[in-house]
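What follows is a group of structures, each given as structure tokens.
Both of the next two complexes hold chain A, though its partner changes from chain B to chain C.
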Partner chain A sequence: MRVEYINPFVETAYSILVEVLGGEVKRDNLYLKSTSMPVMGVAALVGLAGDVEGRVLFDMSMETALNIASKMNDEKIDTFDELAKATITELANLITAQAVTKLHELGFKFDLTPPALFTGERMEISDQNVEALIVPMITEQGKIEVNVAIRERM
Partner chain B sequence: MENTIEQTLMQETSYDIEDQNDKISIIDFKMITFSLSGKDYAIDIMKVKEIAKAGHFTYVPNTSSFVLGVHNLRGDIIPIIDLRIFFNIPVEERKDDDLENLIVVSVGEQSFGVVVDHIDKVVGIQQSSIQPPHPLFGDINIKYISGVVENANRLFILLDIDRIFGLRQAPTVESAKEQEHFSPAQKTIADHKPTQKQETPVLEHKASDLDYNFLVEDLKVRKSFNLSLINEAWIKSRYMKWLDERDAENIQFNSDEDAELFLKPFASKFSHDFWEESYAEQLYKALPENTAKQITVWNPGCGKGHESFSLACVLKKRYPEARIRIYAQDTDLLAVSSAQMLRVPQNQAESWYAPFLTKTVSGEHVFNADITEMLFFEYHDITHNNALPNVDIIFCRDVLSYLDKEKQEIVLEDFEDKLKGNGVLIIGDNEVLTNYVDWHSKEVASITMYTK
Partner chain C sequence: MKTKQDFPSINERPPDGLKDDGTKVRVLVVDDSIFVAKQIGQILSSEGYEIVATAVDGKEGVDKYKDMFPNVDIVTMDITMPRMDGITALEQIMAFDKNAKVVMISALGKEELVKKALLLGAKNYIVKPLDRKKVLERISSVLK
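== the complex of A and B ==
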């Protein structure tokens, strides 16, 4: 993954989470992964197309997802209903859209696909041929892993 | 090595003479033969629909370089593939009004047009005389070859059309048998191991064996430096010197610094530093002629970018006409992120780097746009999958030895897969690939390079 792509995602993930969740947000060490990996329970996926191809995946546990949905809607949400789903989807959209805007300013042209939300136990995601950058963000509501896989089009 | 090849060749020839006579009598396999850049190839006739002469293909944007376009064959629109580009074989310049020799092949439901230099004739042989490809074939990636056939004193390389067009049909009984027969073509990592030569240097059993083994183990733990065929010779000679340098009770490492001291001579010339003109000059002389318009370079383990920028400057000088792309990668995020902003100190700025530099507003020397736009710095782990195109040069000094033994094999496999037929691999000054039959070394201007 080109180094130019990394910072916009790390920065926006941090700034948006601080903005919508308030409180303290910490960033863990970045790392790379290429094998298939388990998804914690709730995953929002946004596809990228244009100069590059790839996807951004926001991965969190059900508990974290509910905490975040509660915080963002300012009400207690106990079940992962339509509102909670829409909230998580929107969060994924916010972060990816702003990162892509930043990349646009640097001269890279991407388009986004509408976010898709996956929920379920013991899911696994595997991308053949692409390695993913993992940006772990620790919030007061729980851990969110931003999983970015981008490759240049040949 | 010569021994083994000679022996194999001799075995093959004697085998041929014995069997040739009765083999020719029964013909149960026909193939169309053609040539690419003077060499003979063949395709199973059952895969071929027809041969034709055609030109003026309709260009389709945004396809791979080997797709020439589409062609209207009596109402059927078929994609046209240039095998020479696909196999990285040099293509003679086309004239606009020239018609190309076209073999129309059908793979499953789909037809493809394949452009070749010259179509020869139909040759009938006996299927059992097809021999599995020898791993020495460098020009064409071995996985696309299903076998080699001799006919009328010419050797034909039989291409596996299904594999080239990426189609896997469910294996029928017969094709399953076929695959078994051709299994050497399908190399996997597990298969790779036997290709290492057996005659690897065995450590003489001495009293110091235990010391040596312990030290090697310690290198792995402290510096993640892994003993393998690539660096065994160096470690041994270094160990002998180490014994002379150190007192008997101080042979083992007492600290990380000791391990560092041991490994210090391992580093290649000007690793992680700016290059002296002499080294740049040597590399300039060593790089092979390449007239391609686009040259792709893979530089894993680029660190803070000194090596990548220096390499870029040398390449710019060597191939001024080509468009050069260098994919420089490292797993150290901090180092690779700062690589783009590399500053050149004053004393270096006046050296051979001078023509490639420019000054920032604050008066610091940086590389000019011609050089920076050649470089793509990536945060990447080479043991993972990558999306690189085929490359002309791999410049990977002092990286392999710091990977696990299994990972070294995986990466070497990947190098072999990604390197073009005429490409070169450069590894660390103290690393060797002489124990791998797949790689051939040559030394030019005191730089050792490896080719497939």
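== the complex of A and C ==
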């Protein structure tokens, strides 16, 4: 996978997380996965289709998701209710919309699907023939992995 | 004991959300995200506005605007929504009431749609993530 696809997602995830969470955000080392991998408990998935195709996954533990939802709503949220789900979905929307704007400026044309939210224990994701690049972002609310699997349309 | 209300400061700015007659500006919030709708509600309520209704898609937004007419002063309208998008809803509201005050709420990257909305009669737009200052400035500029 070409690195220019992932940079906009990493840069945008960083700036949006700093903006909406208001604390320090650190980027951990990027890594590559080409087989199936476990997801942490709450995953927001956005599909891409056009000149390039694939998906972006924002993966975090339930605890992190609740911490983020609490922070973004300025109130303690203990259960992953409709408001918490809408909050994590909106976070995925904000990051993806801004990243895609950058990719459009670089000349890549494609559309996005609305985010789909997956929750559960022991989930696994497999991408056929697409490597996934993962960038862990460490926030005061916990770790979010930005997991990008994109390829040029064949 | 005397309270602050007994000695109102002549320099105190009235909240943006109050009209000249002291009644609250009435807002209809159209957004499919309960997170965003709640955020808009909190920001505007804190400045004296009254959220008189919310709608989860464009169709419900148009229906509520018509049902409540003329008791909505301003509409915040998301662009991307299921069933009926915000641009179509804007068109229908403007066709019903050419003086409607609609402010679009947009994610980044929807510049073409925002331009279209402004040509169709939207009075202003706000790009997410929503920031209290930005929201209040854009909304009050439409009411002036």
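Following the convention adopted for this analysis, the second predicted complex is superposed on the first by the 154 of 154 C-alpha atoms of A that agree within 3 Å, B and C clash if a C-alpha of one lies under 4 Å from a C-alpha of the other, contacts with A are read in each partner's own complex, and residues count from 1 in each chain.
The rule is short, and it goes like this: a residue touches a chain if its C-beta (ideal position, glycine included) is under 8 Å from a C-beta of that chain, and two chains touch if they have at least 3 such contacts.
Worth saying up front: this structure is predicted, and the values here are computed from it rather than measured.
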Room on chain A for both chain B and chain C (clash or fit): fit
Partner chain in contact with A:H104 - chain B first, chain C second, else both or neither: second
Apex chain A: angle to the C-alpha centres of chain B and chain C, given in degrees as a multiple of 10: 140
Contacts of A:E152 with chain B and chain C, given as first, second, both or neither: first
Partner chain(s) touched by A:M123 [first = chain B, second = chain C, both, neither]: neither
Which superposed partner A:S34 touches (first chain B, second chain C, both, neither): first
First, second, both or neither for A:I6, with chain B first and chain C second: first
Partner chain in contact with A:L133 - chain B first, chain C second, else both or neither: first
Partner chain in contact with A:M72 - chain B first, chain C second, else both or neither: second
Chain C versus chain B - closest C-alpha approach in the superposed model, Å: 25
Complex contact set, residues of chain A against chain C: 16, 19-20, 72-74, 82-83, 86-87, 89-90, 93-94, 97-98, 100-101, 104, 114
For the chain A and chain B complex, residues of the former touching the latter: 1-4, 6-7, 30, 32-34, 128-131, 133, 151-152, 154
Chain C residues within the chain A interface of the complex: 33-36, 38, 42, 80, 107-110, 128-129
Chain B - residues contacting chain A, complex: 64, 331, 333, 336-337, 339-340, 376-381, 383-387, 389
